[in-house]
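The chains carry the letters A, B and C, assigned in the order they are written, with residues numbered from 1 in each.
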Amino acid sequence: MMTHRFLSLTAAAALLASAATAEEVRVYNWSDYIDEALLEKFEAETGIDLIYDVFDSNEVLETKLLAGGSGYDVVVPTGSFLQRQIQAGVFQKLDTSKLTNMGNMWDVIQDRTARFDPDNAYSVNYMWGTTGIGVNTAKVAEVLGEGAPVDSLALIFDPANMEKLQACGVHMLDAPDEVVPAALTYLGLDPNTQEADDLAKAEALLMSVRPYVQKFHSSEYINALANGDICVALGWSGDILQARDRAAEAENGVEIAYNAPKEGALMWFDQMAVPADAPNPDAAHKFINFIMDAQNMAAASNYVYYANGNKASQAFLAEDVIGDPAIYPTAEALANTYIKGPYPPKVQRVVTRLWTKVKSGI
Amino acid sequence: MAQTVFAPWDNPDEKPLIQFKNVTKRFGDFTAIDNLTQDIYTREFFALLGPSGCGKTTMMRMLAGFENPSEGQILIAGQDMAGVPPNKRPVNMMFQSYALFPHLSVWDNIAFGLRREGAEKTQLAARVEQMLKLTRLERFARRKPHQISGGQRQRVALARSLAKAPKLLLLDEPLGALDKKLRQDTQFELMDIQEKTGTTFVIVTHDQEEAMTVASRVAVMDEGRIMQVATPAVIYEQPNSVYVADFIGDVNIIEGAATPHPQADGYSVAWAEGQPQFHAKTNRSFAPGQKCFLALRPEKVAISAEPPEEAANRIQGKIIDIAYLGNISTYHVRLPNGTMMKAQTANTRRLSRRSLTWEDAVWLSWTDTAAAVLEG
Amino acid sequence: MRRALLIAVPYLWLLALFLVPFLIVLKISLSDTALAIPPYLPTLDFTEGWAGIWGFLQELDFENFTFLTQDELYWRAYLSSVQIALISTVLTLLVGYPIAYGMASAPEHWRATLMMLVILPFWTSFLIRVYSWMGILSNEGLLNQLLQGLGLIDQPLIILNTNTAVYIGIVYTYLPFMILPIYAALEKMDAALLEAAEDLGCSRLTAFWLVTVPLSRQGIIAGCFLVFIPALGEFVIPSLLGGSGTLMIGKVLWEEFFNNRDWPVASAVAVILLLILIIPIILFQRNEQKQREREG
């Protein structure tokens, strides 16, 4: 895993001058998820030595946290994982007196994240997005005609469509927590269901389209979409927008579009939280408060093309971020989203098993 | 009872088993064997003797088929061996390292060659038992090679190479790995086995004593050439060159000029100014004043305190050194002109009663047939 | 005293690096999942003395092992792992033996260089080497471009994300583990043994079968174990080069551990994997022991 260590010469000099008070804060965030200029800015403003590590799956983060003694001060799990981790006693409550920028937060998002973290006592939203469908517009039109249901889950869950689409390539996330709720939504069932019967129906649906899926993978689709190797992907909004921009930059004639499914889109939240055993919770709060600054948060979103939960930052967002309904959905579209909570262990096992069957056929 | 002397090489009707015909072997720029022609006869125990690098091993490996001649022909039993691989030759070899298969028992090592022939089971077993008996290895049949002694390994190697009853057995320094005492015992055992089986043996060795002991004929080699081929006695007593004389045993070499002797048949050899000439008889003929070498074995030189009477050659000198070897003593004597000469006597008396000692003035003497007169 | 110390060191080593971790994993496999740090119960509490330890032991059970027998997924994953590991081992042997043989028969002054070439890839990160195979084997990869460029194929060969790619990855990665022990066995073999075999009537080929192969047997067995054992639990190669359908126990274990957060079941899977490996290792050791006894 890459470790970015930012320590300017002046900061080093400052540290030498006040060696006794040298402080450091360790942050563990998703890869490619911040404007690195912000990290240097934080060090310059606070004089705190920032150690910034990255991960690329919630599972890896969670295992580190559950094993205890991770040594991190700030981590950024996704909402459903956060909820379970709070129950396991992984985190400490935030000291709101130290978070002077709390007033910047967006109530629309706060209301939703309170579903995972009651009263938002343990976490502050970093970014959020939806899980939806990325398409290579021209290729899909070629295969399915102009009226292709690109904004519907039917595109990927109707075997008739998939049979035709397999020629140009379909990828799905290798994440049962994302794909199973989508299948349930397509079937008109509760995406948060824990009923064995409902899950069995989702499994049957997934099995019916499985032969046409080229690969279940959670990151390869970015390049594959951008290069034109595949024409449809069920993926995360920001990643698909990244593929869109890469294709545009490459000027290879590939045109990618992202749509949140009209049947309902899964909305996810990545939350900043402080582990209970954080070595330096005080610096952790400083870092979180720094990110909660309207301009800093806007800089991060402008860089990674994800929406954030900071209302005040919207004034500083670039037009192609705030103005893109794929990033900041309309109020109407926002109403058409759902939140997915964690499964209890027994149901999680059933879902994982279901997923293994979908992938391997066993 | 009259016993015929075994000397097929003197019989013009005898067909040789092995014929080297103008064989040359080169490795890159190096000529290992240089235009060599030699016959070896059935039932011979033929020794190839020479220093390392003389080409003796190359000759053996060409017989076995591991090397091919660069030029010339090798025939075994009249058949040209060119292009015949080792496994198709009526030849077996006993390797210097023995090359016993470490994963097989003594029994299976001996049976290895027979199995390749597809020998029938009971016959195979009988033959292996016979070989074990011949080499006195019956008790060790089930052991692996690393579980037996060096001497026993040597016998396994011999049994294995004899098991297929080859026309020709090649032995590459077969006793080199054994200590001296065991080596001497084994030499006789080898001769005994050779006689019993009637196999033709070609042995490669750098140990002249070993060659002299076991061989019916010895070929002394140097730089890819055979210098002399003869029975051990002839090689020793009548070397045809200074090289052979020097290589085999201990020898005094005296360089001089030969002049036919007016009275006795033979030559007078002037070897140093102001010294009496030596007299020697020989079949070779030399022109007056021609350069020659006297090769004189130390044991043929008598040593005495008093001047000997009626000796063809005698000369006075002083004992510089005495090498006591138990059964014999070698005296290093300095002649008046500074030349060193060796004389040997058998120690038939106890040490304390010997009369000659360091710094004594002594007389050396020898007969006129004692020295071989050589051209070079 | 010195002798006791000499014996004690490897045993302590084994104890610290193998037995203790194994007991910890075994203990977890007998526990139940919990939403806690660490995510299983019970945990050992020494403060309560013997009663605490007794209470702890009473809560352990074999439930997780029973669970593994109830879903065909697990035994099929074990079986498929064994199959993939076996096939990979045979393939590695087929590729590695000629290389080791060539190295051992090469002129002396070449051998150090050849050895270097075999070991050289180890200087690069294992992950980077596996990733570069993705670049070679993908549909638009070097191999397909080459074959299409030569006009040998029209459609790209689909190799990446199949079991074939997994075999290629395992053979490539573990090849040195096969080559080195075989090379070591072949190198110390006396060349005269082959000449002796030929002299006694073998062709080159039969000499190879009757002498070279048996004498390199130890190297072959060692090499096969060095490949088979890590290949059986291999996780990285099948996840990067294999397809969704490539079922290997390492992947199942990963899912139990990370997706299900079920450390006890994951540990049970690991314990059984270890048992699967220990049986052949013990058989192998016993065989070696017997061999040594036979040889005295």
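Just so we're on the same page, a residue touches a chain if its C-beta (ideal position, glycine included) is under 8 Å from a C-beta of that chain, and two chains touch if they have at least 3 such contacts.
All values reported here derive from a predicted model rather than from experimental measurement.
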Grab the C-alpha centre of each chain and report whichever is closest to the global C-alpha centre.
C
With chain centres set to the mean of the C-alpha atoms, which chain is at the far end from chain B?
A
Between chain A and chain C, what is the separation of their C-alpha centroids in Å?
36
Rounded Å distance, chain B centre to chain C centre (Cα mean)
59
Distance between the centres, which are taken as Cα means, of chain B and chain A, whole angstrom
92
List of chain B residues in touch with chain C within their complex:
64-66, 85-87, 91-93, 95-97, 99-103, 112-113, 116-117, 144, 146-147, 160-161, 164
Can you list the residues on chain C that touch chain B in the complex?
190, 192-193, 195-203, 206, 210-211, 214-215, 217, 294-296
Can you list the chain A residues touching chain C in their complex?
57, 59-60, 62-63, 65-68, 84, 87-90, 174, 176, 213, 215-216, 227, 229, 345, 348-349, 352-353, 355-357, 359-362
For chain C, which residues count as touching chain A in their complex?
33, 35-39, 71-73, 76-77, 139-140, 161, 243-247, 252, 255-262
